[in-house]
Amino acid sequence: MSQTISSTKRSGGMLSNENRRKITWMLFLLPALVIYLTFMAGPLFDSLRLSLYQGEGYTPTKFVGFQNYIDLFTNPLWRGKFFGAVRHTFIFFGIHMVAQNSLGLLFANLLSSDFKGRNFFRTIIFTPATLSVLVTGFLWTLILNPNWGAVNKILVAMDLREWALPWLGRENLALPVISLTSVWQWVGMPTVMFLAGLMGISDELLEAARIDGASEWDIFWKIKFPLLKPIIGIVAILTFVDNFNAFDVIYAMAGARGEPSYSTDLLATLFYRTGIAGEHPVGIPNMGMGAAIATVTFLILMAGVLLWLYLSRQQAAEEA
Amino acid sequence: MRRIKLNQALAYILLTIWSVIVLFPLWTLIINSFKPQKEIFKDPFGFPKDFTFDGYIAAWKTGRFDVYFTNSLIVTVLSLTLILLVGSMAAYALAKWKSPAANFLYVFFIAGLMIPIRLGTIDLVRLIKALNLQDTIWSLIPVYVAMGMPIATFVLTAFIKELPSEMFDAAKVDGASEWQIYSRIVLPLMRPALATVAIFNMIKIWNDFWFPLVFIRSEESRTVALGVSLLFGQYRTDWTRALAVLSLAAVPLLILYVLLAREFIKGLTAGAVKG
Amino acid sequence: MKKLFAMLSVLVLVSMMLASCGSPAPAATEAPAAATEAPAATEAPAATEAPTVAEEVTLTLGSWRVDDVAAWEVITAAFHEEYPNITVKFDPTNPPDYNATLRTQLETGTGPDLYFVRSFATGRELFDAGYVASLKDLPGISDAFTEASRAPWATETGEPYAVPIIAVSHGVYYNKDIFAANGIEIPTTWEELMVASQTLLDAGVIPFANGTKDAWDINEVVMMQYIPSNIGGYEGRMAYLNGERCFNSEEMVASFQQIADMKPFLPTGFEATSYYDAEQLFAQGQAAMMLDGSWSIGAFEKDATDFEWGVFYPPALEGKDQYVTFHIDAAIGANAASPNLEAAMTFLEWLESPTFAELLGNNLPGFFPLTKDAPTLSDPIAADFMAFNSAAAGVDIRFVWEKLLAAPSGNVDAYTSLNNNVIAVLKGEKTPQEAADAFNADLAAWYEPAAACK
């Protein structure tokens, strides 16, 4: 690398300053771009094209124009499945956004001051994230089991028998319950990121506020929170993108059909069932429709991210 | 002073409650990996009456989990190193190169997060086959590095943009090249952000079993996640064995996390750049 | 703008670079010549031993039966003994991902030499796409198997493309100790079964362990066990497939009614009781009965050791004849692109032999070989399952498998519709009549012979 740099330097005489800078930046970008294009963006964008085709298997060959999109929005079955999945995905994302990130912020704030056992608690909060989703699924299914699960046993022991519900079997309960187990697993992530932000805030600033008699509550909302805004933005966008493509936890706890009765079906499970695995038990994939679902999901996400970028630039401009 | 004590007590209470919520399932995981299958469902939360190491022993006898662990470690560590190196270079350019091209590429990199990766499987398998990498662990690394690019560029670019611009100006006045600024100033300051990116990606890479599933056939090249998937039967799963392996599978990640977290805190206290 | 243009040209350059190194891939997979380079890995061991034996080959056998590695090692070892030049390596994929992985491998030319082929639509689609080799020249296949056994893997003209190996049966596993303690005999009519269930419930025992969390089991091992006796087995099923009966006929309503009858006898929280939970409820002696498949013999022999248990077939409604669901489930086919096709055919031919049938039936109790001359089964429960067949008025495959599994895009297939409606009845969302009507409406929308039923 250093050789390349020095060679550009040597040839500096031939190139304008502007062009030389451009080449330098491109050299910085090149390795990432080549790998990303070859092994991710290329195959992915190439496959989005399949949404214009119909046929069986992963490389359908019959060109049908926008027919898959038309079916997706007009055929009652597809429309029902698709908008059901969109709704569930928003609920799933919303629960993460509120529960996971508020808990993360709370934990990060608690962990940002120095006290005994801090490292222990920090590691504990993060530990579930190291587990395979298969484990999380197994453990929580066991704990929530209607026959021998701990939750219902405790409820019965507390004489709350009517609260001992089949948590994963009711259409109105399964999605929130699975979302919360996912929050349980991933809350360490926003905690880590918020902690990074909070530890960057200088102690003198906080000390000064304390001496002025500000309460911890005021310090959090008036000093820490505004300074955390950029990180909150990043965490929010990662939560958005991550949960809009969430698949594993539903697959592990509710299967590819989003049981019970599709009530936990997300966009990613719908995509998987349609384009990759095919409906049980026949299992013939419909990649054209799968790609159409993926494309629409992509457009929703892209709109969200561009909006976020626009707003954050606006805000940056205002602050400057 | 008293108020601080009260806050401290409140913090302990809240953190302890959460710890119980975390530790109870973990306890369930560990104890059940030492129970015979029958007892897991008869008494899921009690201490094993019929203590057994069968799960751990069987995992090694029927699958070569020592090989799988080595493979997973090699793949994860190499992929992470490349993600951090390549990603941070790109992020530096994306953050500091003021041009529409950089803006476009920034969005282009993030776009990869928004499409389910399984969609590109067929193209990737063909590519891996053309590169003659199929059935080796090396087939996984380029795919994982590429998969890591969106998060790496997104988080690292945001971080570099937050660094005070005076720092860069001062370095430029001293005649430092971009490469020198990147390697001597930005990279050391980026520790916390790099650790965050590493943590995010290591979990995805370690637990992914889709690509091993489609790229790899031979036993010598299997990863832990792929080996684990073969413990889940059509109608039944040997949970004693599955839980034993899955408990062990979390250990390297936990160690990596502790190491990264230490690195991360070090970075934060060393370079208190914000204020 | 100029910069953006420069940037884009770099992108184009890079992608051209990639295209040039990537392009051989698709070309190679489409050309039949690719087959020779694909399984290089499998040929490698043969190459190293080349000096001693010239034509030694290793074949890989893909399967969704992760559970049966040990049994298949015994089976393939026996084959190897007979054919020392050929080694078959059983290489299963986890079941939910089997179809997807196999298809990826076949489409990219990295598939196994031999693989398990699913019945009817799924396997047929692979054959039509050219991935599974025709077996019209395989010697002995017509003699070894009945037409009914071959049909799930044969074209309309009878051209076979996979060797049928496994059938599964279904029944009610029951706890003999609980039955004895409550003075219950094996019921001979549905009505008796319901009376017995009430007795058990009153005694504080869960009558049936079954639940609906996983959805498929209530459909495949419960509903599809009830249907044949109500509709009159194979002939009855044909009446639906030919359009002579509508899918909401009184026989179908009666089947949904049986589901509704069962509801009070399922575990509390049956909505969240998975297939596996149900097996555990039975194995722990908490539930007196479970409707389940013959494939669970091995699991119960391992887990349900604290009490005596057996199987009986769910009795028909009073006055109806008993028909049994004996489902032809799996076959093995050869990868049409395999470079070792000849060796693969040798293996397929061996699957017709009594040696294989005997090895399969006795190493995997509950999975029944399909050869005409069935071997004697050493496992007593497996033998009991076989006895259902001879005692019944007739034997048939599961109701929806033939012709009704694959609906055109935008329509609900029979499997999914039946599954949804059975669960709706159990949850009290639909009456049996409403469920049957909904089932009929879903099918009439696309299954042509049923068009008049709309």
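As written, the chains take the letters A, B and C, and residue 1 is the first residue of each chain.
We take it that contacts are C-beta pairs under 8 Å (C-beta built on N, C-alpha and C of every residue); 3 or more make two chains touch, one makes a residue touch a chain.
A quick note: this is a predicted structure, and the numbers were derived from the prediction, not measured.
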Longest centre-to-centre distance from chain A, chain (CA-based): C
Comparison of A-C and A-B (more C-beta pairs in contact): A-B
Geometric centre distance via CA averages, chain C-chain A, whole Å: 36
Centroid spacing, where centroids are CA-atom means, of chain A and chain B in whole angstrom: 14
Numbers and ranges of chain A residues touching at least 2 other chains: 22, 26, 33, 38, 42, 58-59, 145, 276
For chain B, residues contacting two or more additional chains: 41-42, 99, 105, 121-122, 127, 232
Residue numbers of chain C (touch at least two other chains): 3, 6, 22, 97, 104, 107, 277
In the complex, chain A residues that touch chain C: 22, 26, 33-34, 37-38, 42, 54, 56-59, 71, 75, 77-78, 141, 144-147, 152, 164-170, 255-257, 259-261, 276-286, 289
Touching residues on chain B, where the partner in the complex is chain A: 3, 7-8, 11-12, 14-15, 18-19, 21-26, 28-29, 41-42, 44-45, 82, 86-87, 89-90, 92-94, 96-97, 99, 102, 105, 107-124, 127, 142-143, 145-147, 149-155, 158, 162, 177-179, 182, 192-193, 196, 199-200, 203, 207, 225, 228, 232, 239, 242-243, 246-247, 249-250, 253-254, 257-258, 261, 264-265, 268-269, 272-275
Interface residues, chain B side, partner chain C - complex: 37-38, 41-42, 62, 99-101, 104-105, 121-122, 125-127, 129-131, 134-135, 210, 213-214, 217-218, 229-237
Contact set on chain A toward chain B in their complex: 1-2, 5, 9, 21-22, 24-26, 28-29, 31-33, 35-36, 38-48, 58-59, 103, 106-107, 110-111, 113, 115, 117, 121-136, 138-140, 142-143, 145, 148-150, 184, 189, 192-193, 196, 199-202, 205, 215-216, 227, 230, 233-234, 237-238, 241-242, 244-245, 247, 268, 271-272, 275-276, 290-291, 294, 297-298, 301-302, 305-306, 309
Of all residues in chain C, those that touch chain A in their complex: 3, 6, 10-11, 14-15, 18, 22, 96-97, 99-100, 103-104, 107, 118, 120-122, 125, 129, 211-216, 220, 267-274, 277, 281, 286, 405-406, 409-413, 415-416, 420, 423-424
